[in-house]
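The structures come next, written out as structure tokens.
The following pair of complexes shares a single chain, chain A, combined with chain B in the former and chain C in the latter.
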Partner chain A sequence: MFAYAARRILATIPLLIVATLGLFALESSVRDPVAELRVSCPRCDQVAFDRLIDLYDLDKPVLDLSNPAESRYVAWLGNVITGDFGSSTSQGENPVSDTVFTRAKNTMILAIPAFFVIASLATFLGVFSAVRQYSKTDYAITGLSFLGIAMPTFFFGLFLQVFWGIWFHDWFGMRPFFTSQMHDDSFVDLLKSITLPIVTLTLVVVATESRFIRASMLEVVHSDYIRTARAKGLSERKVIFKHALRNAMIPVVTIWALDFSALLGGSVVTESIFSWPGLGPLLLTAIFAADVNMVMAIILLISVLAIGFNLIADLLYGVLDPRIRIS
Partner chain B sequence: MPNTAIDLHQLEAEGLSIKPKSFGRQTWERFRRHRLAMIAFVILVLLISSFWIVPILSPYGVREINIQDAAQGVSWKHPFGTDPLGRDLMTRTMEGAQVSIYIAAVVALISTAIGTFLGALAGYFGKWVDALVNQMINLILVVPALVVLLVVGIKFGGSVNQVAFLVALISWITIARIVRGLFFQLKEADFVQAARAAGAGPGRIIFRHILPNAMGPVLVQITLVSGAAIILESTLSFLGLGVTPPDTSLGTLIAESKGFIDVTPSRVLIPGSILTLLVLCLNFLGDGLRDALDPATRKTRQ
Partner chain C sequence: MTEPVISFDDLSVSFPTDDGMVRAVRNVSFDVEPGEVMAVVGESGSGKSVTALAAMRLHPGSAEITGEIRFGGRDLLGIGEKEMRRVRGNGIAMIFQDPMTALNPVMKVGAQIAEMVLIHDDVSKKEAWTRAADLLESVGVPEPGRRVKQYPHEFSGGMRQRAMIAMAIANGPDLLIADEPTTALDVTIQAQVLEVMKTAQEATGAAILLITHDLGVVAGIADRVVVMYGGRVFESGSADQVFYRSQNPYTRGLMSSIPRLDAPKGERLIPIPGTPPNVLNPPSGCAFGPRCTFASDSCHESHAELMSVGFDGTHRSRCHKLAELPDLFAAAETR
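After this line comes the complex of A and B, so read on.
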């Protein structure tokens, strides 16, 4: 298993290098700070330009294969390997890692509760509609999940804002437009701020997961060992929860790992709509500001999370289902 | 020919005189029985045709400015309200919806072409061709799709065609995977072995024998990919990295109106609902097609 994990990681590293190189080159070419300064400050002397060139390393090409040591990408990669992600050009020249770390903590405040809501709700809905297949409830859950899959996340977030912020705003006294401004006061305030972002994060994922769990559960429920369990007189509760559910959840573990890593990487859409100071809005502003170090650090974090959790999921699959030989 | 009458009689008894229905006709008959998919299909046709008919009937031009009617809510004069420049939002929403449909169509076309081609090559030839295509897919998937599109979007986004092309660059992957899997299965099938034994070359086998048999699942994927493309495009445009003014898509309209959400929520809710309805219908259509094309694998309903 260890060899398998090592091989998987080694196979991903070249891909990650090529992908980050492409994105690095793209992001570096979005803006030309020197030309911008020449327009915005025509009287600036050479010192200002030199400082800018030094700040952005503009005297070096992104990647020069004949002289890799003098390329911006190689320099960046070397620094990243030693744990130095460089300094931000849009967030006041602070080290990128500090900002990313604070924002990642904020993202986790949303991501972890959201994951538990998603996992429990999707399991409940999926199992329920599989056990009551073709019942009215099953059709209702199926219809709702189709709606949840079809609804773009940003529209659902805005809809919640209209619903709780305008139509029913005096019910819970939620002001869902600027959640970030109130979450330091008390736990209740924090809860009020994170509720709607979490509901928004939940919808699409619950919709897809519950469909998946339903399908997995249906497959198991119609298998022979479930018939055996029923035939030997077990109660329906035991059949469903002890025999069927445990087996049906094996493939779900993979989905959970992927969804959890996606949540931890921050949601650009949801966090932006609710002005939540997480990784998503940071990435968006960094992209617009062509803050290469910041963009690359967040992308690297998101990708490594996705790759890591994907690997964990595959390893877990092998542990949970001994029939699967990992090789 | 003395035996004709007897033969016909015999055929009748064996039920062989009935003209066999073509695959397309059988599929259509099964699809028609799928009530939800049929409803979705009708709504989709009505919706899409209204996107082109309403602007023609509308008394207002798409870019016609009326400052005295600025920033109004829903009214008889302006059923969807107006924007801060007094432009009629019904006309603008329809124009935005046309753009969303256009992008979905272009994405479906490009990603089907690329996905089918690369998937077929990978599945049929296997070995290093398969490994190469796989590495291309893994390379795109190593960074989450939306993040890639955001970074690429700021450099190459903006116009409608550019955004369509960018979304297609991500979307072909699902189709390629499906086609690759089908080719893996089908290349060992008896009819392919027979064609090969009869001396058919790879080109003929791929295009005449395997591809027609793989088109069913691809058709289902096309509807799903178009739905996903509409969501991706509108999300990009909403974040300001997709279609940007003066071009309009449904996502751009919502991005423009989200600052006024407390004054005229209808400006967000109407384009958003159209977006949701479009994707919902496409997904139901795909579901119905899946059941109709392959009755053996249908699981959802009887």
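After this line comes the complex of A and C, so read on.
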């Protein structure tokens, strides 16, 4: 099991190199690296721009195999390995790692509670829907799920803001979306700030997850071994929770891993709409400002998260399903 | 005369589908006596499996079901779900067709057998596991102490079916329903599994209701046989009566379509022409009429009643031409 995990981790290294190299090339080739400055500072002269380009080596090739030392990617990679992601060109020349670290912490404050709400709600709805297949409740859950899948995230975000912030703001006496800063001192304040973003994330992700869990559960419920369990004289509750659920959850683990890693990587739309200082809006500004170091750091984090959680999913697979356990 | 273990009395099962009602089982009546092996034979769609599932009340919830299934002095179709659960696995146990899929893949085999014990018997978990190992040993699984801790995927098909049998006999049921228990197995394993079933039956005294399309299996193990076609019983009687003195064109057709070791050299197998009846739109009159070589106009107008043949009333057949059959069969042989 340990060797298997180690092999899997090592196999991700080439994957990370290809991912970052591709993004590096894209990010620095399609744009004039100082385009933002040319617009925001019409009076700056070319000498200043040239100094900037020189300072950040922006004129050097991304990857030059004939002279690797000259290429920006190799220099970047060398620094990254030692933990240095360079300094940001868009966030006041602070070290990229500091900014990313603070923003990642903020994203986690949303992502972790959101994931647990999503996972439990999706399981409940999916299982319920499957057990009561073709009932009115099933049709209602199905209808709402399709609504959730069909509508874009920003719709729910904006709708919730209008609903609780303007139409019904008297109900709880709060305007949650007005909190744009972190209020570390008060838990209630924090709760007020994160509730609506979490609800928004939940609505969107639960819609797809509950459909998936329903389908997985239906397949299991109609399988032969569930009939065997019934033929033993087990109560329906035990048939569902002891025999069906664990089997139905095996494929769901992968979906959970992907969704959780996506949440931890920051949700651009939800965080931006609620002015949440997480990774999502940071990535957006960094891309617009052609802040290559920042973009690379976030992309690398997202890649590591995706790969890491996939690995966790694979290991959990082994725990849940004895058929693929490595001896 | 002893009380039958289970009696099916005028049982009918219908399923509503988008295209209309499917009458899968039509007015089926037969008994299973204590300790005997009763085989229900028929091709796909004959209603044999639905009959078996109805006895466990495991048929789909949408089914409409009439008639009676008497077991242990009550009608199983009339009792509550809770009481029915006490019958399942305890009074009546079931062995399913495909042992590869009938065991829960994420539970240890021992846990699945022990669970069966724990549902119906007030014993400790440890005791239940010991019983599970004993049961595995009794059905010929080697090293039962090690095997109980393994998962189904570590068992071969034959071993899994043995584990299913061990599970089924765990609470000493009065009736063991085996739905195509050997169909999914290799031919060499089939004989072993039948042997295990026979031994298990002798040890527990359970009656067996064997659902199969395989006449070879029936010949090896059955005391009595019911032949079903199109949801109806076409012939019933002792294994000898049905096999060697069949009084039904459909049963005859089945017999001539399977290879036999004692057949005269050079004899060809005769398949039954046509296909099984459309369950949604069964033929009018006798369900076998369109495929029957002896059918005449009267066969297509109404279906025949199940009539006694012979003297003691144990052998029954459903055919309009019952009286002429011996001559018709003789004529067919010489052709």
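Here are some notes:
The working rule: the second predicted complex is superposed on the first by the 278 of 327 C-alpha atoms of A that agree within 3 Å, B and C clash if a C-alpha of one lies under 4 Å from a C-alpha of the other, contacts with A are read in each partner's own complex, and residues count from 1 in each chain.
Going forward, a contact is a pair of C-beta atoms (placed from the backbone, for glycine too) under 8 Å apart; a residue touches a chain by one contact, two chains touch by 3 or more.
If you're wondering where the values come from, they're calculated on a predicted model, not measured in any experiment.
Superposition of the two structures on chain A leaves chain B and chain C fitting side by side, clash-free.
Of the two partner chains placed by superposition, A:258 touches none, neither chain B nor chain C.
By the document's definition of touching, of the two partners only chain B reaches A:26; chain C does not.
Using the contact criterion defined above for the overlaid structures, shared-chain residue A:320 touches chain C, although it does not reach chain B.
In the superposition on chain A, contact is made by A:224 with chain C only, not with chain B.
Looking at the shared chain after the overlay, A:272 reaches chain B, while chain C stays out of its contact range.
Shared-chain residue A:233: touches chain C; no touch with chain B. More residues of chain A are in touch with B than with the other of chain B and chain C. Working from the superposition on chain A, the chain A vertex angle toward chain B and chain C, CA centres, sits at 70° in steps of 10. Here's the short version: in the overlay, chain B gets within 7 Å of chain C at its closest Cα pair. Common to the chain B and chain C contact sets on chain A is no residue at all. Those residues of chain A lying in contact with chain B across their complex are 12, 15-16, 18-20, 23, 26-27, 29-30, 134, 142, 146-147, 149-155, 158-159, 161-162, 165-166, 177, 215, 218, 262, 265, 268-269, 272-273, 283-284, 287-288, 290, 295, 299, 302-303, 306-307. Across the complex, chain B meets chain A through its residues 135, 138-140, 142-144, 146-148, 150-152, 154-155, 227, 231, 234-235, 238-241, 251, 254, 258, 261-262, 265, 268-269, 272, 275-277, 279-280, 283-284, 299-302. Per the touch definition, chain A reaches chain C in the complex via residues 223-225, 227-235, 243, 246-247, 250, 320-323.
Within the complex formed with chain A, the residues of chain C that make contact are 56, 58, 85-90, 93-94, 96, 98, 101-107, 115-116, 119-120, 151, 153, 164, 167.
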